[in-house]
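Have a look at the structure that comes next, please.
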Amino acid sequence: MPAYSTNMRLKFPILALTLEIITIILFAVFVVYDDGKHGGVSLFPDQFDVHVMIFIGFGFLMTFLKRYGFSSVGLNLLLAAFALQWGLLVQGLWHLDEGKIKVSIFKMINADFSTATVLISFGAVLGKTSPVQLLIMTLLEITIFGINEHLVAEVLKANDVGASMIIHAFGAYFGLAVARMLYRPALGNGHENDGSVYHSDLFAMIGTVFLWMFWPSFNSAIAEPGADQLMAVTNTYFSLAACVLSAYAVSSLVEHKGKLDMVHIQNATLAGGVAVGTCADMNIGPFGAMIIGFVAGIVSTLGFKFLTPILASNLCIQDTCGVHNLHGMPGILGGIAGIVAVALGKKDGSAVMQAAALASSLGFALVGGAMTGLIMKLPFWGQPPDQNCFDDSIYWEVPEEEEGEESLAHGDHSMNKAEA
Amino acid sequence: MPAYSTNMRLKFPILALTLEIITIILFAVFVVYDDGKHGGVSLFPDQFDVHVMIFIGFGFLMTFLKRYGFSSVGLNLLLAAFALQWGLLVQGLWHLDEGKIKVSIFKMINADFSTATVLISFGAVLGKTSPVQLLIMTLLEITIFGINEHLVAEVLKANDVGASMIIHAFGAYFGLAVARMLYRPALGNGHENDGSVYHSDLFAMIGTVFLWMFWPSFNSAIAEPGADQLMAVTNTYFSLAACVLSAYAVSSLVEHKGKLDMVHIQNATLAGGVAVGTCADMNIGPFGAMIIGFVAGIVSTLGFKFLTPILASNLCIQDTCGVHNLHGMPGILGGIAGIVAVALGKKDGSAVMQAAALASSLGFALVGGAMTGLIMKLPFWGQPPDQNCFDDSIYWEVPEEEEGEESLAHGDHSMNKAEA
Amino acid sequence: MPAYSTNMRLKFPILALTLEIITIILFAVFVVYDDGKHGGVSLFPDQFDVHVMIFIGFGFLMTFLKRYGFSSVGLNLLLAAFALQWGLLVQGLWHLDEGKIKVSIFKMINADFSTATVLISFGAVLGKTSPVQLLIMTLLEITIFGINEHLVAEVLKANDVGASMIIHAFGAYFGLAVARMLYRPALGNGHENDGSVYHSDLFAMIGTVFLWMFWPSFNSAIAEPGADQLMAVTNTYFSLAACVLSAYAVSSLVEHKGKLDMVHIQNATLAGGVAVGTCADMNIGPFGAMIIGFVAGIVSTLGFKFLTPILASNLCIQDTCGVHNLHGMPGILGGIAGIVAVALGKKDGSAVMQAAALASSLGFALVGGAMTGLIMKLPFWGQPPDQNCFDDSIYWEVPEEEEGEESLAHGDHSMNKAEA
């Protein structure tokens, strides 16, 4: 039984309305239309591709849980809608122009990017947090992301065009640090709702395939137009293609009777996009990109199979979606590949600064995530009791089930008791 | 028991083939390729974004009903495929060029727009009409839309770039007038199929998220390229973001135990796109757009919760999808915002003409919808009897259910009896 | 009981890793970045539209089977990821530039095109083949496609901008020839898993609608920019619209009590895109395109209703998805329309060469498919025994079902016995 209520009736509306009203006031003070000198609407298609990844890709990727689809796609929309407003403000404050933030498509893409970090961290704590906790995480993570991004891009002047370090590694380790703070020993033996059903796995594949298709846009959206951008598209495209083959092969190799595992297919096939991010606009050759993707597919699949259980049992980090395997390790791999590529002269820059950027991203993520997790752990944010984790019905009106589906109806009953 | 048969075997094929053959003949007489002077393929990405909203967005948004997904996405495709051909003809006849309609991408976007009105009206009568009735509605509504659009755009010269008035308010009140004519008292106590199941709500979220993402394209597609178009994108983007926060907050505020309601999340989060439509290319400031979206999210959610039941019980208007809350009230709100914005000099124009445009749109919708509804009410169009409303199996071959799902199989039985 | 094991544990990983490593080596030897002179990133939006058709469109279209969704969308991703790499190599070897393949967006679109042939053939053998067999088919089909494409485009110099002949007819008849070789008499009486359930049909509609929307991009992607490309968009757009009306009408006409059949709606509504492919950039007039689409919708629907059962019972060709009706006959119709249109002077070219191109495509498809089918029939590729056809659980970890769904759980049991 929770000491504090999980009822969101006042907490959530007050927080959401307050955040939005403050945001509107800050927009009124700081934000003006762009004068059109920063790309105008020509970047529009890129922006929509990234938008699709944020809202469809991340949103549906997390619908794999049998009873948590409303929260996955619904809270994804809520958090992203707030994050892109807040991200525009936080990022814009570093680059004021006559005291104003001039909102261009380019800035909107960057705000979408900051949103991605929150959604990655959301994956680590999926099913174990209330909407109020998640809005607080969004507020803090976007802010800390803004500081690290400024440091990496403006001070260290490191390359990270596809953001392996500043988005993927940052988002993953931030989320893992939060998950560590919110550790729930009672979930150690598994939870009846912490799994998929047949159709929830198909919904998740919508997310996977949209992410896979549009990843070349993500990695190339802010590349220099022309040869660099074409290189970023090409590298990402072939890294992802090679990653699919290695992820499928290793999934079959490690699973019972050589079967394929949907968890690997939904996630590890994307690791090539993460890992090639930093190097995407570097002259590493298409085959170089393919090697990175090939390795990422192997590392990610092995991580899902062998590392996730160890993280939970030995390090007390319960990583619901396995973001460590999709974003964490491939993000670090991407950062290291970037250090090597810069050292080999594949792009102007300093290998030392690349390494510093990776270290900075990991440091801000771990410290920022731990601090954020401590705040989220305060007992009055309405977090779900253990027995109601991974269950939409604690925060959503869920339609009554058909009579034939008794086991689900039964699940609802036990939940209602816990709420009482 | 219906006095007339719901069997579509002759009625529907004859009507569909006749309409298509007439359309092909009219195309042969009137329609030629464009000479490429009206934008060529450069508007192509905009057109596809609008296309995605029409076919995926509207189609899947309506799949929320437990047993009406085939009709929602299937009849959406049918009606839209006919409407875009018919809309091109109707709109083109106002602008003949040497006696011909030169079909440009710009004209195809406008035809897609006219299609949207039909799909909005479809939402009001969803589950209670036959495919034959819906084709008749499409034919008439597109025609009446064409008259009102010509009046608003060419005679009154009113601003309505995102079509709050001429599409959203028009489509909603047209549909509500039809629904009033087709009132079914026996559905007053609810219908067992007039609700969602878990996965049907997730399918509907595909529609919601695609509509949400591509709405900035909808509102900016026919804006003046350059600063105006960028403004339309920016305003719509932030209006929608603010709307999400207020819709979620109010949903939690009005629902039992502070839970979120999928009906609100699927629909009210989009009201910001509707309401900012008329003002989208006006210099109202990003924060002005956010205020419009914020208010629209509140109004729309409250409408779903409190107004829809009143409409049904007091005004005999049964609005299946709640189009009054998503398109009707936000559309009027958008029209009023446009009047105010023009009066304040945010855009060249006349506030009186804006008001006349809103009045014209509502007038044509209500009168045209009522007339159309009377024609649709003729008893031989194969409309479903009350007990078979909201059930695909009256017009579709539906796969047999698995043995375990007894209640659904039972539903089928009762339906078969009614048909006999 | 299978004489050979269906266990993929060694066969599949070894084949997949070997193919990918060979591919990476060939990329290292042959493939370099493009110098940007072949369109740069300006073709990018076209490429993504085609990409969406390949990965979402084809992938989800095949999820209609009740227990084969993982394989449909999952193996679609695997085969496409390999095919686009292999296709780039095979096609590039015909056009070496200083001994290298310069990988432009244009070449990536062409590689995506070659991928489409494999996915069409996959539809014919869906549910009856192992992942190993399908990788072998991909390897061989892409290679044979490359020969035929070179012959049609470079030697015969035939028009086929939307690829009615070289992709659709080729892919369909290749797949049908493979299916003939893999004929399974025991499936003649139907199979309990060879059908849809309610939600699997809705997943399939995601594929249908995305294919339908983006088909104008497919048919125009490699058209000459300007008037030709606009013509290709316009023709495809209206052909598809007319096709929807005729497909719905005929479906209702031939089905029990005038009901619509999801199989027809999911597939025959797309036949207009296939059939107008060859003529897409020809000056046939919008109404000419509509006539082609109108006829294609009728032919395709009648094919599903009457021809598919005859193919299975009389010709021993079991065509799971009915690719003969969606790609085969409409592809031939498109080839013939192209011959007529060229003969009528609607486009520069030779009607004889158009006819030769159609004959070449059919010939290579039938002979190549038969040879490929013979190789795939070798008994050690792990093909499923008859009783496990159309069932994901033989190659995938499938989540346990809820207790209420007894019939499905029972299906799992019988499958496990067969595997033992």
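Letters A, B and C mark the chains in the order given here, with residues in each chain numbered from 1 onward.
Basically, contacts are C-beta pairs under 8 Å (C-beta built on N, C-alpha and C of every residue); 3 or more make two chains touch, one makes a residue touch a chain.
Bear in mind that the values here come from a model prediction, so they are computed numbers and not experimental data.
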| item | value |
| --- | --- |
| Classification of the chain A:chain B interface as same or different, half of numbers criterion | different |
| Cα superposition of chain B on its sequence copy chain C - rotation in ° rounded to nearest 5 | 120 |
| Distance between chain centroids, defined by C-alpha means - chain A, chain B (Å) | 33 |
| Multi-partner residues of chain B (at least 2 other chains) | 45, 199, 206, 404-405 |
| Chain B contact footprint on chain A (complex, rising order) | 7-13, 16-17, 19-20, 23-25, 27-28, 31-36, 40-41, 44-45, 48, 51-52, 55-56, 59-60, 63, 67, 69-70, 73-74, 77-78, 81-82, 84-85, 103-105, 108, 131, 199, 203, 206, 395-405, 419 |
| Residues of chain B that touch chain A when the two form their complex | 45, 49, 66, 195-199, 201-202, 205-206, 208-210, 212-214, 217, 220, 225-227, 229-231, 233-234, 237-238, 240-242, 244-246, 248-250, 252-253, 255-262, 265, 269, 283, 285-287, 290-291, 294, 404-408 |
